[in-house]
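Given below, in the form of structure tokens, are the structures.
Each of the next two complexes has chain A plus one more chain, namely chain B in the first and chain C in the second.
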Partner chain A sequence: MTKKRIAKEHINAFLARLLEDYIVYAPAEEANYVTFRQITAPEEVVWDCLVTRKPPKDVVFPQTETLFTYTKDADVLRLQSMEAVEKERILWGVRPCDAQAMLIQDAVFDTPEDRDVYYTNKREKTWLIGIGCNQPLSTCFCTSVGGGPFKKDGMDLFLTDIGEAYLAEALTAKGKRLLHGRGFRRATKADLKASDAAEQTALQRLPAPMSMDIIKQHLDGMMDSPFWDEIQATCLGCGICTLLCPVCYCFDIVDEGTTTCGQRVRNWDTCQYSIYTLEASGHNPRPGGRQRVRQRLMHKFNYHLVNQNLVGCVGCGRCVQLCPVNIDLRQLLAEIGAAE
Partner chain B sequence: MQELAEAIREEGKRLLESGEVDLVIGFTVGTLPLRAAPVFVRRAEDAEQLVWNSFCENNLAVYLRDIRDKRIAVVAKGCDTRAIVALINEHQLDRDKIHIIGVPCHGMVDRRTVARRAPGQVLAVREEGEEIVAEGESFSIRLPRSKALYRSCAACTHPNPVIYDILLGEEVAVWAEDPYAHVREIELKPAAERAAYFATEAQRCIRCYACRQACPMCYCEECFVDHTTPRWIESGVTPAGLQGWQIGRAYHLTGRCVACGACERSCPMEIDLVYLNGKLRKEVWELYGFQTGLIVGELPPLAVFQPDEGSDSTP
Partner chain C sequence: MTTRTQSPKISVNSVPNPYLPLPMRIERIHVETDDEMLKTFDLAFAREEDAAGFDFRPGQFCEISVFGKGEAPFGIASSPTETGPLRFTVNKVGVVTTALHNMNEGELVGLRGPLGNGYPLEQFEGHNVVIVGGGFAFTTLRSLTHYLLDPGNRSRFGEIIIIYGARRPGLLLYKEDLAAWERREDISVHLTIDREAPGWTKHVGFVPDVVERVAPSAESTYAVIVGPPVMIRFTLPKLRALGFPPEQVFSSLERRMKCGIGKCGRCNIGPYYVCKDGPVFSLAQLESLPQEY
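Our next item is the complex of A and B:
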């Protein structure tokens, strides 16, 4: 597809033009950290943050979403669906791992058999302008799970930092339409070479990939392993690793209101909570931490491969960075991989 | 610090070898710079995994309630021991089953503060006297420990263990001048500003409940927020749902919070829980002259009823 260059001094003007027509989400400051949130000015973008505190998943799959509201007046029940969004959105500066996570969510929410209208309505109006990771972090392991610091899957437009300029590559028809206007020039051979060099340098910084096939095979036989007891011993049972995971997509549906008015709400849920599997009878098929930490890894690295033929992890390292007791997914995977 | 770590390893090894305990809960080397990780040591030869440094930030008392069939030794800072005392007072722990390895604490270093001060990703960190040295690919910065402490640690009134079976190392002098300085700062703001501050802080909450899970005093069999029939507060990340959660939790900890700051350290959204819980701690201090978890047998004021006590209408 088309490749152009845009000097860094023109990039904010390009983003400003996009802000006129789109709702734009980008890595930006919030409190003391950088997170993915809506911006209103190009200057809000934090360019050097690879792993935002929150991933961009809530743009298409909000943590709390009203599915419909109802009112009952005398005997007339009125339902109002909340599925439609009007304005198109752009995810600006989305990283390859987070884009890969959206593709995994697409495979769950948008299949030939089942289309989740709340998800797909937003997803179809969302365009991804990605950026490559010249300097992956020490917690990144995207190449172990089929990704890469310059992987362009899912992107409409992809930027590569080549020093004084960005190489901008359109990957879809939409991306091609966006790639015009002041500031864009034809990419030179030197630009393409610089882009390749950046990619090679980035790849060298990443750890040697782990084998997901071996991990999956080993997990097949680990249902009763004492391994899970070791992890659950120090696990606090909070929801950080799952709620802030760009891939995790579990939700719960709740009716909130009275007999005359209210709403049906969908909230993120997590397998790490005891009430996630609590049944109405009081029985809980996953009664303890052992079953819950096992579920997280089994789903991501075993069941997900069976059901979707995709690993349920993109190697962003958020769970590694944010676990309050330093349970490190990379270490767990290495141990599973090495298990007899 | 190294001597203290060695003393912890020796004591852990001795306890396991002699069979005095079945389990030692302490800290081991973290997988990331600026981190140490809680560890459960069951064999004497594994006691060498134990470490002690400025990143042993978790309150290990959180693990004690769930292990009822074993004799446990726990490496405990001042705040960890306060939680142990509070749990004993609430009949949640049996003092005889717990061997407390008391460790005087110099305050724990806020990994986020160090990371923010660094011009790039921190790849290695070490302690040199009273300085934290953080290094990355093209930088090396030095921070005085005292300027990098967690807010809760900077305001700590009890860095020394208040109860122990063995005390390792020398007791330290208290450094906090005003434990409620941060609370006072916010109290001075006009009511509308305070309300806005609380609303903004609460609105970042993602309901991961790490604060609750990290808190040694949050041990309800069923948290009010998990109760679904009926639901006490809105389920979502709405202002009502989030503020309801934050207020509900803070109120349940009134007179019970031991000021360890484990909640704020675990919060991925860096919500100012030191203020929220500190405000209620300050109220309890001013009304009752009570600080939680200092004396075994001293019950929290809100757990005590005296037939002749006053009421709002008859002071």
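Our next item is the complex of A and C:
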């Protein structure tokens, strides 16, 4: 599709134009970290953050979200659903791994038999302007799970840093419509070459891919393996690895209010908590850390493949960076891959 | 096995919203057991139009909302062949169930459903059906039995045998239904209690032992077994000894649930979601899953 170049000095003006028509979410500072949040000015964007604290899933699947409010008297129950989404949104500066994660979530929330309208209504009005990763972090391993630092799946528009300028590539009709106005010029052969070079350099910084098929096969036979005991011996069960994972989509639903008025809310949840599966009788089908760490890996690297033919991990490295006891998913996968 | 059924859903912008409950009125509350821990709730659609679109099969369940307390899943105890309200029997165990127990006839609750797959009735056609139940888990088995015995359906199934046990006579559910079934010629009913009790003339002993005693033939027969995990654990070997292959034995799983539609992840076991791919599974399927139920 169409490729253009935009000099870096014009990029903020482009973003400012988008801000006039869209709600824009971008990597920006919040407290002491960078996260995906709504911005009101181009200057708020933090350009050099590859992996935001909260992934952009928060925009279409918020950490906490009211589904509906209710009022009930003796005769009538009134529900007011919060599903409607008015304004279109742009996710600015999405990285390829996070975009891939959204595609995986689409397959969960947007099924023909049950469309999760809270998700799909937002998603349908959300356009992705991605950016390639010239300098992947030491914790990145997107190429191991089928991704790449310049993978454009799911993007409407994709920017590649080529030094003085960005190469801007439209990937959908929407992206093409966005790609116009002051600052955009025809891309030259040299621009395309610079983009290829950036991609090659980035790829070299990433670890050699692992075989997800072999990992899946080995996991088939590891239900009763002592491997899980070793992980659970250090895992705190804090849930960070799952709550902040861009792919994880588990949620809880709770009522806040009285019997006559209030709201039903959904919140991110995690399979790493024991209460997640605890039943009213006291019975817990996943009673220990062993079963819970196993669930995390089995779901991502085995069940997900059975159901979606996709790995439930995009190699963003958030769980590697943020685990308080340094449990490194890459190492676990290497061990599973090498297991007999 | 996963035939989808119709579910009326409230929709905004023409796309149905699977999270919005339908308003239901509690038409009748009946105390089911002598310890008063189980109550049966007959729920009528508060709006005519919802009733028309509600089409379910035995073995499916609904999420019932007690507003302000939350939602919980319950098997549908009435049969699609019965007209009138939907029936649920609720064990008082926690927040939502206690709040339900404290409600009165005439009050409004919410309902989402029908959810889940239900029993594989098409597969049962032309075969005998042995129904094994324990304790208060008889709810969807009541639905199934009523369905099989319905004049429009009875001839499509072979022999029907029920083996149902509770700790004491006072803990058996649906005593009127049981009495009516016992009077019929086209079903054999075996009721059992754990220990002798005054006035009790039927079986005494645990369900697995009664299954062994009754010894239903596995020939052209499906077994449906629903009850407490221990009962299931000890009954399965008896069925196996009688020659039932795992493909001919079905059970209904309970797992903690939230969404009921395969999104929230909570009821995941192996590649399945109990709410969407179950709750009814064959023993053959269960044997391929991790022991997380």
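To be clear about the criterion, the second predicted complex is superposed on the first by the 338 of 340 C-alpha atoms of A that agree within 3 Å, B and C clash if a C-alpha of one lies under 4 Å from a C-alpha of the other, contacts with A are read in each partner's own complex, and residues count from 1 in each chain.
Note that in this section contacts are C-beta pairs under 8 Å (C-beta built on N, C-alpha and C of every residue); 3 or more make two chains touch, one makes a residue touch a chain.
Treat the numbers as computed from the prediction; the structure is a model and nothing was measured.
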item	value
Partner chain(s) touched by A:Gly146 [first = chain B, second = chain C, both, neither]	neither
First, second, both or neither for A:Val254, with chain B first and chain C second	both
Chain B versus chain C as contact partner of A:Val108, first or second or both or neither	second
Chain B versus chain C as contact partner of A:Glu279, first or second or both or neither	second
Chain B versus chain C as contact partner of A:Pro324, first or second or both or neither	first
Which of chain B and chain C A:Pro209 touches, first, second, both or neither	neither
Which partner reaches more residues of chain A (counting touched residues only), chain B or chain C	C
First (chain B), second (chain C), both or neither touched by A:Gly237	first
On chain A, the residue positions that both chain B and chain C contact, one per complex	252, 254
Footprint of chain A on chain C - complex, ascending	4, 10, 12-13, 15-21, 23, 46, 65-71, 93-94, 97, 99, 106-108, 110, 229, 254-256, 258-259, 261-266, 268-271, 290, 292-293
Interface residues, chain A side, partner chain C - complex	67-68, 70, 72, 74-77, 79, 81, 83-84, 108-109, 111, 113-118, 120-121, 223, 249-255, 257-260, 262, 264, 266, 269, 271, 276-281, 283, 285-286, 291, 295, 298-299, 302-303, 306-307
Chain B - residues contacting chain A, complex	30-32, 35-40, 58, 62-63, 112, 116, 121, 123, 204, 206-210, 212-214, 226, 228, 231, 234-238, 241, 265-266, 268-270
Chain A - residues contacting chain B, complex	30-33, 53-54, 63-64, 137-139, 230, 233-234, 236-240, 243-244, 252, 254, 256, 265, 267, 270, 273-275, 320-322, 324-328, 330-331
